[in-house]
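A, B and C label the chains in the order they appear, each numbered from 1.
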Amino acid sequence: MTIFSLFVYIFIGVLVCVAYFHLSNFLLDFFTEKTSKKSINDSSIRVIIFIAPGFIVLLIFILYPVFETVRLSFYDKYGRDFVGISNYIWAIQNPEFKRAILNNLGWLLIVPTLSTFFGLVIANLADKLWWGTIAKSLIFMPMAISFVGAGVIWKFVYDYRGPGDQQIGFLNAIIVFLGYEPQAWLTIPLWNNLFLMAVMIWIQTGLAMVIFSAALRGVPKDMLEAARIDGANELKIFTSIIIPYLQQTILVIWTIITILVLKIFDIILALTNGMWQTDVLANLMYDWMFRGGGDSGRGSVFAIIIMIAVIPIMILNIYRHKEEQKI
Amino acid sequence: MKKTIKLILAVVTSIFVLNTSAFAGSYSGPDLSGQKVTISGPWLAPEDGYMREIASIFEKATGATVEYGGSDSFEQQIVIDIKAGSPADIAIFPQPGLAANMAAIGGLRPLSDDVKKAVMDNYAAGQSWVDLATYPDENGNDQFYAIFYKVNVKSLVWYSPDNFEDNGYEVPTTMEDLIALTEKMASDGNTPWCIGLGSGDATGWPATDWMEDIMLRTHDPSVYDMWVSNEMPFNDPRVLEAMDFFGSFALNDKYVNGGSKAVATTDFRDAPNGLFTSPAECMMHRQASFIPAFFPEGVEAGVDYDFFYFPAYSTKDLGKPVLGGGTLFAATNENQATMEFLKFLLHPEPNEWWMAKGGFLTPNKNADLSAYSSDTFRKLGEILTGATTFRFDGSDLMPGAIGAGSFWTGMVDYTNGKSAKDVADAIQASWDSIK
Amino acid sequence: MKKSFFSSIVSQIILLIFVIVWIIPTFGLLISSFRDKDLLATSGWWTSLFTTEINEIYRTAGYESQFKENNNYIIKGNIFNTKTGKKIKSFGITSKNINEFLINEEAIFKDGSKIEISETGDYIWKSQIPFENKKGKRVFITASSPPKFTLNNYKEVLLNEGVGQAFINTLAVAIPSTVIPLIICSFFAYALSWMRFFGKDLLLATVIASLVVPLQMSLIPLLSLYNDISNLFNISSKSYPGVWMAHTGFGLASTTFLLRNFIKSLPHEMIEAARVDGANHYDIFKKIILPLSIPAFASVFILQFLWVWNDLLVGLVFLDQVPSEIIITAKLRELLGSRGENWEILTTGAFVSMTVPLLIFFLLQRYFIRGLVAGSVKG
């Protein structure tokens, strides 16, 4: 791959895609020119042109694997013999499964809430200050780091050395400096989950902040000024004008992060590998799917449970969609 | 460096020409021009370079082309590739358990009887290497599938000769001496051991090696075999005894660097650093033959560090057991060049070439010991060939869900304060659930 | 006026605290990437910013370098071998007592030989009988070490053969894998927002549901599908277009979801007015939606690009691991070595691979704002 062929590749790839939409719509316009304008607008052919590529990709890359996974969850570990629901029964009786569900619930409550909250606060503060752009860039930076990189960073934050030895973990260095005993943070059950969540919050706050920051510019300026003239302080403006105005955006961001958290896996894999009672569903799925040759039946069961867990979020979003339609 | 290799090769070649053995001289194979062999494995730099050099010997001799691709998530990728139906011609498995799994789903091609016979005849303890590579196929029939190439020895304790000298310690030759030495070190105010179980998503495996070494030193090898195959349950008193023996080192805050809390959180790659700090953080480190790769830059074998054999009890008549591991080459496609390449690995030339590079041990009797890059490796090679009992890394032989799963996590729980009984019960329960 | 000044100070402080907390881990990584690799695992990164006291072990020269002077056998040299800027305070000759002697004091070994060390590391080792030891003696020093950084880690990563190529390969993967879903999903999202058709709610529900499909479980079914197709046409199952489509598939749900949320929020009066004027959906999309959606495109572009750029798994599974196809994350993993992680390559690699996403973020941030301003003027 030379730089020249890089451009050729990118050009062809993008061109094919643009050409599809342009040519198909152009042809449609060309052949329906003679008929009345009204029918063009609701032409079902145009609907097909618009949704076909997305729909086909959805079908192949998401729906097909999902159905395959559903099928495999009823088969043995090689995917050969039908075993009924025994994989599900096994999962429900598995103590790891219960623990993973509880851990996942903890993640779902804490991470989206804090990331959204921090993101909103930071976006709001940063937009008013001259060095806000710099601050935003710095807080966004963790988003640009791969999970592998983030794993190394936080390994060095949480690192533990015995009391008396020189600490190389930043957190323990502070603790020792303040005169306390160093702690093996990642091995303290229950608390260690919070330390893992901190990594995810650290990454996702940048995402929330960027989107909020764009949305905040939509808040009508005159409304803010009117409130200021009325003598409202910044906190009051934040809670009674900005938050209600951004309700939609908050819900969207909360949904996105919640879904990311349901799939959370890399951070735990890198820092504890689910040990010390930190396992979550996605880790169990990965372990059973691939470790030591894999058991596609049991791995699939966990994948399906993760997918089922999203149903409430889905219903919420569809409900919201319906509400919008009514207006 | 290149010159010395050439020289060694020349010497080796001349020895074998005189020897007129069936496998003498530099490798010459059938003409395979135009054929291609693809290999995938877990080796990355620098081993991937060595692998490609080895392949080029084959390419020159046969005219075939060989391509090697390495991946650090090989164990996951090979499962995906074999299940999806597009694996490379040869897969290099880091452990037999995974190869057995792939054989069971029909992903591997059995090797011919003459290859099997060649392994039997040319490898020290040939039968055990054949047994380790024989698995049931998808119809449940036992077949011979793989060739061991590049093995390692695990029963080693690394130390600094200077630190031993400064403190007046002697290298122990029996387990009784080792235990006494450990006590003496602690009473002198030194920390005897550095133990680190951290290894990313494989955290815990170093403790399984401890367990296996201890099992071989406290009980008959047949007990070890029963343990590995689960004919004897994991929560048998003999296993609990071994776990508590490990605990007598790892759970004693005075015996291990950083205290027992540090055992599971210290990375296995960082653990040996304690041998080389000033003042020394620990005196001894039990780890396999590959660990010098992670020692600090500039330390020299035989000068700054050395190793001794993790000794056996003098009061128990169990000989000199050795624990080891190794990588296996297995074919996923049945073509002439692939099969020829596997035969090529049994020839002395590719063995001696890598022996000269270091980090490589072979059970192949035809390979010349003088090809080893250093005395350290020659000594390792002798431990391998001088073993009265050789056993393969047990956790690699257990099913993946145990040997690369609950056994690892169980040992981590154990160092974190869970009792041996609870840990062993949990591991046995997970084993029962996959039967 | 005073009040707003006060609240501005409070805002500044709160934001500053956020920034500091957020930046410290990354800053530690940055410092670590400039440190010597052996120091990484033995001392905290913050210690390298200041002059610190260190304990180290060095070895003197062996017997070969001895010479005779006034009935004394002498070995001379500098224990550091290279200039380091370290200043020795005290030293010792056994591991049991590492700071037994001050500099320029004479230490006596068991064999009667004597050694003296200066602040800069120069030593003189004298004996009345010839030296016979092949290896030198160990000297334990306590010294103050000034901050020291090295570019070696970056040299190792950047000059490594294949990293530049992998960089280009990754661009060839990442750009189409970001632009294609953006185009496809913008039409998809438009249809889901403003077009009327049968099964729309069901389709939307499917899109939202597919947000949670774990990527790992799709790999085997998809790769076997790719293999079937490639066998049919006798082409390789692993190729750039294949990886583009895979990323499009895995990014489809989130991209559509985000774009739909944006497009849906645009004022519907505008679209209805255009339709009354006789514009068809394609015209509306081109002339109204597209210009207004630029900020949303920018944020979706950033997110998808980041995800693709930092991806390892998809690149490993859907591309051959050969120099012409290997991506940067996979290449960095290769540099780590077989048995694990060289922290220095991980830290350095993390920064090298961060450059492109950050550049995109900074470039698009301006665009982001410009798009918003333009949009509000027109609206």
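Keep this in mind: a contact is a pair of C-beta atoms (placed from the backbone, for glycine too) under 8 Å apart; a residue touches a chain by one contact, two chains touch by 3 or more.
Please read these numbers as outputs of a predicted model, since none were measured by experiment.
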Higher-contact pair (C-beta pairs counted), A-C versus B-C: A-C
Which chain would you call central, comparing Cα centres to the global Cα centre? C
Chain centres from averaged Cα atoms put chain A and chain B apart, in whole Å, by 40
If you average the Cα atoms of chain A and of chain C to get two centres, how far apart are those centres in Å? 20
Could you put a whole-Å number on the gap between the CA centroids of chain B and chain C? 32
What residues in chain A touch two or more of the other chains? 290, 296
Multi-partner residues in chain B (2 or more other chains touched) are 79-80, 83, 200
Out of chain C, which residues touch more than one other chain, so two or more? 41-42, 220, 312, 333, 341
Show which residues of chain B lie in contact with chain A when the two form their complex. 75-76, 79-80, 83, 97-98, 100-102, 104-105, 200-204, 257-259, 261-262, 264-265, 281, 399-401, 403-405, 409, 412-413, 416, 433-434
In the complex of these two chains, what residues of chain A are touching chain C? 1-3, 6, 9-10, 13-14, 17-18, 21, 25, 28-29, 37, 40-44, 46-47, 49-51, 53-55, 57-58, 60-66, 68-69, 118, 121-122, 125-126, 128-129, 132-133, 135, 137-149, 152-154, 156-157, 166-170, 173, 202, 205, 207, 210-211, 214, 217, 233-234, 248, 252, 256, 259, 262-263, 265, 282, 285-286, 289-290, 296, 299-300, 303, 306-307, 309-311, 313-314, 317-318, 321-322, 324
What residues of chain A sit close enough to touch chain B in their complex? 78-79, 90, 94, 151, 159-163, 165, 184, 186-187, 269-270, 272-276, 287-288, 290-296
Chain C residues within the chain B interface of the complex: 37-38, 41-42, 55-57, 59, 94-96, 98, 135, 138, 140-141, 219-220, 223-224, 226-227, 237-238, 312-313, 316-317, 320-322, 330, 333-341
Interface residues, chain C side, partner chain A - complex: 3, 7-8, 11-12, 14-15, 18-19, 22-26, 28-29, 32, 41-46, 165, 168-169, 171-172, 175-176, 179-180, 183-185, 187-188, 190-192, 195-197, 201, 203-218, 220-222, 225, 240-241, 244-246, 248-250, 252-254, 256-258, 261, 264-265, 275, 278, 280-282, 295-296, 299, 302-303, 306, 310, 312, 324-325, 329, 332-333, 341, 343, 346-347, 349-350, 353-354, 357-358, 361-362, 365, 368-369, 372
